[in-house]
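I've put the structures underneath this note.
The two complexes that follow have chain A in common; it is paired with chain B in the first and with chain C in the second.
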Partner chain A sequence: MTKLKKLIDKCELLAFDLNFKKAKKWKLENDNRVLVGYMPIYFPREIIHAAAGLPVGILGVGDRKQIIVGDAYYQSYICHIPRGIIEMALSKNFDDFDGFLFPSICDVIRNLSGMFQMSGVGKFAKYMDFPQDFNSHIGGKFYIQEMQSVLDKIKKINNVDVTNEHLNRSIKLYNINRRLIEKIYDIRQEFPWRLAAIDVYHILRAGMVIPVEEHNEMLELVIAEISNDIGEPMDNIRVVVTSSFCEQPPVSLIRTIEQSGCYIIDDDFMLGSRWIQGDVEEDTDNPLLALSEAYIKKSTFSSSVYDVGNPKGVRLIALAKKRKTDGIIFAAPSFCDPALLDSPLYQKACERENVRYINFQYHENIGQFKVIKEQVGAFSDSIKLWEI
Partner chain B sequence: MSQTVKKERSMILQKEMIGGLFKELGTAKELGKKVVYTFVPGNLSELIRSFDMLPVYPEINALQSGMRKKSRAYIREAEKWGHSEDVCTYVKCDVGMMLKGNIGPTGEKVPEPDLLLLSYTGCFTFLKWFENLERMYPGVPVALLHTPYQENGEITNEMTEYMVKQLEEDVIPKMELVSGKKFNREKLKTILQHSADTEDLIVKIFDTTKNRPSPIDAYFAGVYYIGPINIGFRGTPQATEYYQELYNEIQERIRLGLGPVTPEGEMEEERFRLVVEGPPNWTSFREFWKLFYDMGAVIVSSSYTRVGGVYKNGFRHNPDRLLESLAEYCMGCYTNMNLKQRVEMLEEEIKDYHADGFLVNSIKSCNSFSAGQLMMMRSLEDKLGVPVGFIESDLVDPRYFSYSNIKNRLESFFQMLEQRKLIMNS
Partner chain C sequence: MKKKIYTIGIDVGSSYIKTVLITYSDKQEIVDKLTEKIRKRNPVIVAKQTIDYLLEKNKLKYEDIAYLASTGEGEMVTRKKGHFYSMTTHARGGKFFVNEARTVVDLGALYVKAIKVNDEGKVLNYKMTGQCASGSGQFIENISRYLGLAISEIGDISLQSKKPEAPSGICAVLAETDVINMVSRNISTPDIIKGIHISVANRVIRLLTSIKAESPVVLTGGMAKNVGMVQVIKDLAKKVNIAANDIYAHTDAIYAGAIGAAIWGGFRYYKLKEVKK
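Let's look at the complex of A and B:
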């Protein structure tokens, strides 16, 4: 087995360990360590890291756990992801977690924070209100207060004083992490056959549940491996997959897209890990301000951000062009208001710019891909036949 | 059921107020009045009025379209345009109405906006809705007021400060620009005093359900009662007059020992007292209501009448804290309260108004209400031992109103309440 294959297998296990064994083991190694779960999509993980914590991404159960009690908490017309999360909470998968963060993306996640509070899971459950005002002295200031309130909650648990030095160190590590991830995307842009999209998915998702230091080492290794001329190119079209930023598509869906003739050159599956475009300023005497400025000025486009003045359709098309893709696949979870209400706006932008697209919906545990396979296959064929 | 439905003076007043507003909107462009599109929860009616501008509430248009059986066609139009079947139907109804020429509920064209004021309280979908509107009205200035959620069950100084700064540096300057008028603190003070007076009356009105029989239905009639404050009359002397009149009429009903007025006359026997959570269905509103009054069920309190502001807890607009109180008003709306607070509020109401049962009308469109409702329901059942019921419908999409389903569920619920009464009495 090659080094790369071994690593990918390890990442897959980590990514889908719904008992978070690795994270829990990490916590046991030191008394003041804390585990803080966070929901999609973005959270400034740097502050948890600086407070002797491990931020653990909670992305739902996918098709890996049968929902028994979770369905009793949600009506049929609500998306799937919160059912699995509440199921995990009630099945004690989050034992040893100290707290939970619910970044503002939609009312389902928002109200899930209340459900955690009511169930008494963890020592805190905080809805994190990301500012929609993008002025540093208004929204930025509010964001700093929000981050500080998270730090205060953690300090109450582990009594660790977070210094600027700690924060700067964490910022550096996450800057490296983002750079390495972008490097992988850049290499794949030229040579997508060197690493399958599903492998990228496992590698990035593993990074949500392990210490960033370890993930950076893994990413270095991946880059070293895929810098070699490996794999065989196929006659695939090149696409961006978008709208899958919260409830995750089942991995078989990602595989189906690639097997139906599309290289996924860019996507928003792990949007949180790639949220900040570029580096957060390092070595400042006000690192929270640096994180806030990065959020205010360097956030990617997203359904969770009010986009007036900087239309997301334009930004998506710019991304599709930068990555030299042939089309866009809108794959959104069923009943996901943020993704689905954006779809017509994105699609009108595609039509204006003559960018080819298809769209379909999924939920995290669908098991049938025949229709999607045919749709993606037809999309790929039509582009190959007429446009390449 | 008594068959005579006499129009009370308050009803006539309300009709005049609403008719007048739509008339004003109809001539707004000719008269050079500026029009602001905004939302009901956390609405800044007072501020808009202080600049002599007129508000348009897309949700009100949507609900009116639902009641006038126009929403189905509008929703279809929005779906043809690219919207998914799965998303909030209020948005689709509004988008469809615009695509069809923006003819409002009264048959007149709704004037185009001069300002899009996204005061974004208690619902993330508002944000998406306004992104859609912004594309439909390119070039119209957008003012955004982000209302922080009461995630910890409180309004902190930082949250208020964040909102006040947005008001000072974005919302008010944009209103000045669009209206061509300077912000007038004194004028706003007077308006806020009227708001506070109105809010006092609203609390007194909804508190009358403590009586047996309850003189009003706090859900089906309640949505009419909150109409004037939800469509921009809060802060006007007309609103105070309306609510004073309504209050007097209700007092008279109490004196005479009368139950609520329904579309088919007075409800004669009050059999069940309920607290209801969730918005109503608009497309079959009358049928829906009838299912309750036919069974002698009266709603003594409903969370929905608090979407445009919660006043029972003591909040009042305060002329001495102008912008702060606007901010606190926005943050205090029902859907901006965390689930724990919502449960506590409902618990209090079940107790205060001596409800026999608690019912959830879960709305397909509305995650802001619906996500978490089942847990809230169970929590109330556990805490109070009160019978709970659950029905599902939609606001304005008739495809999701199943009369027989709702009827069956309600019948079982009422049977359960009946049995419980028998047990309690014995």
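Let's look at the complex of A and C:
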């Protein structure tokens, strides 16, 4: 077994360990350590890291846990991710977690934060309002207050004073993390056969539940391996998969897309890890301001973000062109309001720019891919045989 | 004229793996072909073995194949260059048999697909049967097994029918119960078999109606080898204004997907060469 294969297998285990054993073990190594779970999409993990904490991405149960009580909390017309998360909470998967953060994505996640508060899971559960005003002196200022309130909550638990030095160090580590991830995407843009999209997914998802230092080492190893001329290129089309930023697609869905004649060159599966486009300013006297400015000025586009002046449709097309792709696949979770409401807007942009696209919906525990396979296969063939 | 190249098309189905070796140039010719029943073996290994067998038999190496294309469950095929969706490959395979074809009907083990094609073999429209098993070759295979018949003989037996007895329901499970009743009522085996064929053929006709099928129609897939099924489809085709002699079923119909994959592979080989230039 190659080094890369071993690492990918390890990442898969970490990514789908719904008991978060690795994170819990990490916490036990030091008394002042805290575990803070955060929901998709993005959270400035740097501040948790600086406060002697481990930010743990909570991305739902996928198809790995049967939902028994979770369904009782949500109506049938609500997406799947919160059912799995509440199921985990009630099954005590989050024992040893100190707090939970619910970034503002949609009403469902807002309601989930309320359920956590009422259930008394963890020492705090905070709905984290992200600014929708992208002026530094308004939205930026508000955002700094929100981050400070998280730090205050953690301090109450572990009594750790977060200094600028701590924050600057964390910023540096996460800057490295984002750079390494982008490097992997850049290599795959040229040589997508060297690392399957499903492997990238496992590697990135593992990074949500382990310390960033360890993840950076893993990413460096991956880059070293895929910088070699490995694998054989296939005659596939190149696509961007989008709209899967919150409730995650089942891994078999990602595999199905690639097996139906597509290379996934870019995606928004682990969007939180790639949210800030570029670096957060390092070594500053005001690291929270640096994080805030990065959010205000360097955020990627997303259905959860107000996009006045910088339309997301234009940005999606720009991404598809930058990555030299042949088309876009809109794969949205069923009942995901943000993704589905934005869908016509994105698709209009595709039509305007003559970019080929298809769309379908999934839910995290879907087990039948026949129809999706047909749709993606037909999409791939139509481009391969009649366009390029 | 394009230089002659070798391509392989491999169609991994639920029961059989069909593999063809062709020469691709301005004209395409089948060099060799092989059908292998999977029989509870690992399809990845069976697929590899069929390719190895064809290569060895024809004194060729992997490197001699310009494009190895899969269709069907393509993930079972290692070392392939590309994968094509079965609709695309059956459409092209049908055109290989009858160049003027305007409609191709893939009579597969799990699904039946009616596909409208243009001159170049491009899919214009299609409809397929849903998840229900009673519109598939597997259903016919199951019934023949209950009756103690080999799948290869049911076509001829169906042609002997004088008074076909169609199952009352459209559900495969209910139809199977119906067949048990028919046996207990002493309905003759040919009449039962033809009744089952009529049941499946009616679904084919409904698909042809919904895509507004045009002649000529080419039948592909495993069931197209079944002369009883082909005859029933011909008999019913007038419902969609298609003459019986405008329906074709080639003896190599089971290879249509593999042939289509091999041809599209050759097409892509030259297209990629152009792009590189």
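Basically, the second predicted complex is superposed on the first by the 388 of 388 C-alpha atoms of A that agree within 3 Å, B and C clash if a C-alpha of one lies under 4 Å from a C-alpha of the other, contacts with A are read in each partner's own complex, and residues count from 1 in each chain.
By definition in this document, a residue touches a chain if its C-beta (ideal position, glycine included) is under 8 Å from a C-beta of that chain, and two chains touch if they have at least 3 such contacts.
Computed from a prediction, not measured in an experiment: that's the story for all the values here.
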item: Fit-or-clash call for chain B and chain C when the two complexes are aligned on chain A; value: fit
item: Per-residue touch tally on chain A - higher for chain B or for chain C; value: B
item: First, second, both or neither for A:Met234, with chain B first and chain C second; value: second
item: Inter-centroid angle chain B-chain A-chain C after superposition on A [Cα, multiple of 10°]; value: 100
item: Which superposed partner A:Gly377 touches (first chain B, second chain C, both, neither); value: second
item: Which superposed partner A:Asp9 touches (first chain B, second chain C, both, neither); value: neither
item: Which superposed partner A:Gly261 touches (first chain B, second chain C, both, neither); value: second
item: Which superposed partner A:Leu385 touches (first chain B, second chain C, both, neither); value: second
item: Which superposed partner A:Asp152 touches (first chain B, second chain C, both, neither); value: neither
item: Least Cα gap, in Å, left between chain B and chain C after the two complexes are fitted on chain A; value: 20
item: Touching both chain C and chain B, counted on chain A across the two superposed complexes; value: none
item: Chain A residues within the chain C interface of the complex; value: 232, 234-236, 259-261, 374, 377-378, 380-381, 384-386, 388
item: Residue ranges of chain A touching chain B (in the complex, touch as defined); value: 72-75, 77-78, 82, 104-108, 110-115, 117-119, 126-129, 131-133, 135, 137-139, 141-142, 145, 303, 306-308, 332, 334-338, 340-345, 347-348, 361
item: For the chain C and chain A complex, residues of the former touching the latter; value: 67, 74-75, 79-88, 122-123, 264, 267-268, 271-272, 275
item: Chain B to chain A touching residues, read off their complex; value: 81-84, 86-88, 91, 118, 120, 123-125, 127-132, 134-135, 142, 144, 146, 148-149, 151-152, 158-159, 162, 165-166, 169-170, 338-340, 342-343, 362, 364, 367-368, 370-375, 379, 392
